[in-house]
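What follows is a short report on a single structure.
Which chain is which? They are A, B, C and D, in the order written, and residues in each are numbered from 1.
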């Protein structure tokens, strides 16, 4: 269990398979950009290992996190991580977005870690169902997602901020300290109001 | 007042003078690396505008944040920001570290945003007074601080991780989106245990 | 005059006005990606101060560089820099691309530092006129240019490589060394052959 | 053979073993910072695969490049690459710096790609033997080399510039374009004159 009030659970604390995972620093910044409240209803679309779901659930203790994941392996990992971190407010939704989103309660917050080929359909549902003062955060590791997400929401007159984050992490090599790069990630943050 | 459970108050929400300020994304990552608990005793050394103090105080609601700042202008800004964000668990300590640290209660967490010329003396006091399971986070914008902080603690057998963070932020320019860089910041995280 | 065989003339050596300028490190990488030959015919579209034209002309001594620039101020600066660096193989073309490109000799190499609103028309002319073993290098400071240039050429079955370059440069601050960021630049390199 | 006038031979063109290699973009920037002349005498200390030596030799056609490398495997690779790129002005010096440097002609230019444990002794020899208008370029992948090289030369009143370069390179993933990071490299450029 995580005994701290701050997000930033180390990657290796999660049960992981071969499923891609949002890295610690990117996860922390994404959670921050989501501006969670204690009772937020959160959608985590393309939840992967569930690392963002777990962190969100630990913060929005009186809310609910819907963790949507199409791969069986992912669903299994999310369930394991829910158990490991002892969170009771995550609902795992096995299925493919956007269809899997249709019957969920309207979200206050949406995190989109992966969109596959149906990005625009997912964005359409999200913008339809997002509550008035809602926030959407998208992570992109491709130029395509960064550009397309930014412009989709900009054209619909949302307030959009995109940051690109390059993190390198120290690694001791003998008595010297190397810096090892993570790949750059674009974090696109979207709000309805101006 | 800040109504969210997540750190990441936008820079412009703080009362600022000409005092240097830890930028939002770096502040969020630093707060995360501090691994705050609800009742943590925190030292914020070189507190500047008090932005880290305010964010830490909002999270460690039952703890106390000691906000140490030598400049009168800084002390004034910290007090204004405490009032603005309505936090009651920040104690402002006007004075110069390391002397100003001598009579403070031992910290669970230490954030060092600026060290001036007395970096090693500050590190010495911090390592002496830090509690057993304590965490120290240093921000460095110079090669000197990054290298020196990392090695000071490594040589004393602390666990040290340094990350270098390059963030660029979108800015709309007509119908296009430019990316504007912030300067790189080194975040050095130090723990006693292995 | 520049007495070295290597590209990388410091920015401050050029006569500059308020015209945007390709910074030294980005210019060096762009010149490298252009793979100039001694007799290359080069188009420098949106030449600005002419810094890329000058560097290309110094290397392709037996070739010709066509320096296309729509702003009068830019044309004046290019002419001043041609004189300052004593290059005789730059032809300044005052006018707006793509129209200004129509009567120029087919290029071996094309550098596009700025495209304004007519990016796709410029790309169309460039792909029509580019010689068989030609190379095109585009600099982008917006997500839009990076994404659009990459995909325009990818869809037309060119070989495309995009790099994103973040450079920070030391600045002495007292006895310490700060690192100051330049904005990220995307360098898109395009070749006809696979 | 390389038929272009510009540096920037792709990494995969070189014969490589398990020896670390200066990547294309870093090599290009380092060659640029060296400000080679046609007749420069260059030392390439810790030459690895010889990639910098080959690029320098192609530019300084009337000069000589001394390629110093302690590992047998490295010496073999350098010789293969000399042959492959058909350069005749590289002299391979098998041996350990600083000892291997003692009998070499004074250099106009020095590139230091790797220093092992004898960095300061190497710097001492280099500063003693470097010609009046000489240039030294050091590549560092560790905080230690960046800090130590910068300060060694700064304290001896050389002009020192350090840049930190983060490059990410596109990789096609289906119909999207990912950006893959290289590790950050510090390039320290040193000149005698102010």
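One rule holds in what follows: contacts are C-beta pairs under 8 Å (C-beta built on N, C-alpha and C of every residue); 3 or more make two chains touch, one makes a residue touch a chain.
Labels paired with UniProt names: A, B, C, D = Cobalt-precorrin-6B (C15)-methyltransferase.
Given the structure is predicted, the values throughout are model-derived calculations rather than measurements.
Listed by label, the chains touching subunit C and subunit D alike are A, B. Although subunit A and subunit C share one sequence, what matters here is the overlap of their interface residues, and that overlap exceeds half of the numbers used.
When the C-beta contacts at A-B and at A-D are tallied, the pair with the greater total is A-B.
Centroid distances from subunit B, each centroid being the mean of CA atoms, peak for C.
Centroids built from CA atoms put subunit D at 42 Å from subunit A.
As a whole-number value, the distance joining the C-alpha centres of subunit A and subunit B reads 26 Å. Residue positions of subunit A touching 2 or more other chains: 143-144, 150-151, 162, 164, 166, 168, 170, 177, 179, 184. Those residues of subunit C that touch subunit D in the complex are listed here as 3-8, 25, 28-29, 31-38, 59-60, 150-151, 154, 160-170, 172, 177, 179. Across the complex, subunit C meets subunit B through its residues 141-145, 166, 168, 170, 173, 175-184.
Across the interface of their complex, subunit C is touched by residues 143-144, 146-148, 150-151, 162, 164, 166, 184 of subunit A.
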